[in-house]
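These are the structures in question, set out in turn.
Two complexes follow with chain A in common, the first pairing it with chain B and the second with chain C.
Here is the complex of A and B:
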């Protein structure tokens, strides 16, 4: 039973990540590959706050979210003038630099060994140590995040985002307002990614740079595009599919060493088939032009 | 100058030759099809595994290289079929990039399933080495530089032929090229085969020198892409010069500030280029995407 709750918990974390990434990918039309860098900043900062400063989880998570938002501001500022391949290349480079920094700043991040013995989730006097309790908490937070993002993207703000996405020349008409939209979108997306990072670090109690690398970035993009970008339930469906693939592989055969390889191959097939046959995703979302 | 620094420069030129060859391989596909060719790593992988496994049975070096070229060529045909399919559906450049990334994931996963995660090494003796003062030159160093020079000469000759002018024309304006009645499929096939042969040779050389494992070739492909993008719109000279410069820069960076920051420096340069001069490195792609 614990296993089911564990999968639910992982799904909850990835649902937060994919729904927040959809703000940038589906609503703003930018194929951003550095979302796992925002995730990493949230995870590392909140873990460091708990380990080194002795902060409780809630305070550490808030600081992690703030750090993630601050990290995203220059990214959003730079992204406002880029489109197409340039966004993909720029964001991918930023991700690889971030992972390199996490690996090399050993004094702060623990280097390749990562951070260990991160305290578990604790809200006030309520210690959320069991997997079922953590799963329920994360799923509730994921639902709140989904509702918040859905409300924001359905508002006038969302319409402005869609206008920018569908007609890049609209950015010229909106002038400085477009910069504000980019910054707000990146802040919003990275804030939720940072929150997911804080939950991830406290649940796993151990993080290292390999968790936040290019594989993770591609998996997150696959979640959004597979389900259907900018559709309300698209990224959630994508997260459910991508999270369940390795679990199904584990359940139906293959040793532990082969699960990673099979997962890799299946992810590759999904991406190739998506790009060639179903570019709008399962629920028929936004198609990149 | 100290012999030590000359040795570092020599190593940089040899490593730069590898990056330069990959840059040319990337550039030929990218400048003609607009696909950001991450799947270059798949061709390197195919060439590498073929070279290692053939070298365990045969010691005749040209045959080993031929195996690397053929296996990478077969992969090129598959990738070309994928690119053609994407072009027929008029998909965006971003989706083509996603498909290319997917092809890499698929190939790396399959390679891991078929050959395992451990490093496969060749049993071939890679030959002799010579000493000039304090500098040691190995036969692998000589082979890399010879391969680079041969490639440059051969490709410059190809570009002067009618088919070569077709490649340049295809890169400039695909639609006009087709409207004027030229066969873009033949030219596209040649581009993919040349790209595959170069990547296969690089993969073969690298695998014979350092061994091969399924997941390590994405950074190498990205180094080639960086050199190709920074080399401007040229198909050969620009990517070669920047590739050699990156090799030398990497060699000196490793020596002065350590191995750990080399990749970050390369990605940092790419980030600065993309953010600062996106039209310079990605001009055709950006112009095509604007309504």
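Here is the complex of A and C:
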């Protein structure tokens, strides 16, 4: 039973990540590959605050979110001048730099060994230590995150993002272009990614740089594109599919030992198939052209 | 602030030259458009009309000379700066927001130049609700004017060339701005559509006393309508007709 709740918890964390990434991918039209860097900043900062400063989870998570938002502001500022392949290359480079820093700033991040013995989730006097309790909490947070983002992107604010996504040149012509739209959207997306990072670190009690690398970035993009970018439930469905692939491999793989490798191979095949046969994803979302 | 133009021009170009490689598109061009004026720039294909409009709204930077907006020199400014300072631009090849519904495009136009913040979009406070209701009302009136009520939810990218052009002009008429710069607004439209577009631009211009309208066209019939001034552009040279 605990295993089912563990899967639910992982799904909740990935749902927060995919729904928040969809602000940038589906609504702003930027194929951003550095979302796991925002995830990493939230995880590392909140873990460090708990380990080194003795902060409680809630305070550490808030600081993690703020750090992630601050980290994203220069990215958002740069992204407003980039389109297409330049966004992919620029954001992927930032992810590689972030992972490199995590590996080499040993005094702060623990280097390749990462951070261990991170305190578990605790909200006020409620110690959320069991996996089922953590799973329920994370899923509730994921639902709040989804509702918040859905309400914002379905408002006039969403229309302004869609105009920038579809044609920034025309958005300038119509006076609907604003740098603050990029900065606010990056702040919102990275804030939720940082929150997911704080939950992840406290649930796993151990983090290292390999968790936040390029395979994670590809998995997050896959969630958004498979489900249907900019569709209300698209990224959630994508997260469910991507999270369930390794479990299906375990269940029906006949004792395959390299589940991780098979998982990414299947994800790669699924992504290629969708890109060619169903570019708008399962629920028919935004199509990259 | 650099005050460099001679009078109360809203937009002016002084000795503007623009080259693309060996091709000189604009040669020492001088142009002034005052508040409330309606100005036409007439010329054939390749004469430099579009480049001139692009220079006036910051999409293209001149090699030499200056552009002034309300007396302020615009050197090095991003097109978004021009946009923030009241310039609306439509393009010869109509640029629409392809994957947005027509009603969303028009509602967006009703909002500009304001846009809601994250918090007001989340809580939908009184300011947001009133502002959005007003923009949505404008959009629905524009849909009724165009006879597009049944297409409100259709993606703008599915419209034909003429319909796209009509949509961009509808958006312009809803948007608040001081200067509208329109590149061939009636080109490619049938005579009925072209007449409606011209009427819509006239109405936008006359709605507020200080609004300026700059139109580039090759259509001399259109120019015979009431313009305060007409410039002719040929081979990059601009002359007042």
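Points worth noting:
Throughout what follows, the second predicted complex is superposed on the first by the 278 of 289 C-alpha atoms of A that agree within 3 Å, B and C clash if a C-alpha of one lies under 4 Å from a C-alpha of the other, contacts with A are read in each partner's own complex, and residues count from 1 in each chain.
One rule holds in what follows: a residue touches a chain if its C-beta (ideal position, glycine included) is under 8 Å from a C-beta of that chain, and two chains touch if they have at least 3 such contacts.
Being a predicted model, the structure only gives us computed values, none of them experimental.
In the superposition on chain A, A:250 makes contact with neither chain B nor chain C. In the superposed pair of complexes, A:266 makes contact with chain B only, with no contact to chain C. In the superposition on chain A, contact of A:179 is made with chain C only, not with chain B.
Of the two partner chains, chain B is the only one touched by A:274; chain C is not.
Look at A:122: by the touch rule set out above, it reaches neither chain B nor chain C. By the touch criterion defined above, A:157 reaches chain C but does not reach chain B.
Between chain B and chain C, B contacts the larger number of chain A residues. In the superposition on chain A, A:86 makes contact with chain B only, not with chain C. Shared contact residues on chain A (touching chain B in one structure, chain C in the other): 167, 169, 287. Interface residues of chain A facing chain B in the complex, by the touch rule stated above, are 31, 78, 81-86, 88-90, 93-94, 96-97, 100-101, 103-104, 167-169, 214, 218, 221, 225, 257-258, 260-272, 274-276, 279, 287-289. Those residues of chain B whose C-beta lies close enough to touch chain A in the complex are 36, 82, 85-86, 89, 91-99, 101-110, 112-113, 117, 214, 218, 222, 229, 260-261, 263-264, 267-268, 270-271, 274-275, 278, 281-282, 285-286, 289-291.
Of all residues in chain C, only 57, 59, 79-80, 82-84, 86-91, 95-100, 104-105, 107-109, 111-113, 115-118, 121-122, 124, 128, 131-132, 135, 168, 171-172, 175-177 touch chain A in the complex they form. The touching residues of chain A, when paired with chain C in their complex, are 148, 151-152, 155-160, 162-163, 165-167, 169-179, 181, 184, 188, 286-287.
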